[in-house]
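Encoded as structure tokens, here's the structure I'll be asking about.
Every chain is named by a letter (A, B, C and D) in the order it is written, and numbering of its residues begins at 1.
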Amino acid sequence: MAGYSASKEDLIKRLKRAEGQVRGIQRMVEDDVYCIDILTQVSAATKALETVALSLLDDHLNHCVAEATSQGGAVAEDKIREASAAIARLVRS
Amino acid sequence: MAGYSASKEDLIKRLKRAEGQVRGIQRMVEDDVYCIDILTQVSAATKALETVALSLLDDHLNHCVAEATSQGGAVAEDKIREASAAIARLVRS
Amino acid sequence: MAGYSASKEDLIKRLKRAEGQVRGIQRMVEDDVYCIDILTQVSAATKALETVALSLLDDHLNHCVAEATSQGGAVAEDKIREASAAIARLVRS
Amino acid sequence: MAGYSASKEDLIKRLKRAEGQVRGIQRMVEDDVYCIDILTQVSAATKALETVALSLLDDHLNHCVAEATSQGGAVAEDKIREASAAIARLVRS
């Protein structure tokens, strides 16, 4: 089971909505909609993905990391190094 | 015609790819893929959308803003205010 | 004269405040303040710098870019390419 | 002792450098340096602060969170909720 299993339904709902937003942006481009209105939608889709990422990360800390650190040792260190790298990618993206 | 008409095909290609990435993330969640691997894909999709936004903004400056400022006056000021607000939304998202 | 000459005083005030925030963060680290409280201050200082950047960019579009595009030609294109690159650095930082 | 005590010296060095960068940006504004060159420095200072934040967060996960989760219970949950909120602030700033 994945760390996010309790949020799975919510994550899929959010991702379907983000997919719909990205498809909507495609249609806007095809229909020559004004640049700024498209940019507003791109910002909204980016925020939606960010929310998905933060939710996944929270579940990851609460389950995978918490479990590993309760056992300690090298596995715990590895999990935290991995989580820190994922956080850095998010902050920098 | 929209400011991005010369990049239209490229924008749609990028957006189709981003849509595919978001759909791929959904499948990963459905298949209980490991959190960190999903997060990597979310960062990639976010970056893809950012690239779309920067391309749209560049076209907007090169066409809509450049045209308005070559005429000057209140329209030029409005266009720049609008562009600055869109940039702020991007930087903060 | 720089594009931001009308906002100069405001920019310096904001930068002095950001400098004070960064110095405050140093003291917090020296005093072993709790990590999360320091992180809150780092986010605040980052936002303060972002506001400075967005203000500079707005002035730049309103003056340097608007002036160049009102003349058109290669200079205008260069100015916009340069502005787009600066926006990309901000969005990705 | 704070979670970052082993990185304390390194953090202070980075913060002093960031402070110097912010002071340098003030001087650039005072000297009417070209907008784009200032923006480049603002992006650099923002990245420097981001690196400080990611380092603090990594230490926080490795020490404060790891310790709390090894004990489990409500304290562990609180620590993770707090860390997630700090990560969200960073990602959105």
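Basically, a residue touches a chain if its C-beta (ideal position, glycine included) is under 8 Å from a C-beta of that chain, and two chains touch if they have at least 3 such contacts.
The model shown is predicted, which means the values in this text are computed figures rather than measured ones.
For the copy pair chain B and chain C, the superposing rotation over Cα atoms measures out at 180 degrees to the nearest 5. Over half of the residue numbers at the chain A-chain B interface are used by both copies of the sequence. Separating the CA-averaged centres of chain A and chain D is a span of 21 Å. Chain geometry summary: the mean Cα position of chain A and that of chain B are 17 Å apart.
Rounded to a whole number, the gap between the C-alpha centres of chain A and chain C is 27 angstrom.
Shared contact sites, meaning residues of chain A that touch two or more other chains, fall at 50, 53, 57, 83, 90, 92-93.
On chain B, the positions that touch chain C within their shared complex are 50, 53-54, 57-58, 61-62, 65-66, 69-70, 72, 76-77, 80-81, 83-84, 87-88, 90-92. Residues 1-5, 8, 11-12, 15-16, 18-19, 22-23, 25-26, 29-30, 32-36, 38-40, 42-43, 45-47, 49-50, 52-53, 56-57, 59-60, 64, 82-83, 86, 89-90, 93 of chain A are the ones touching chain B in the complex.
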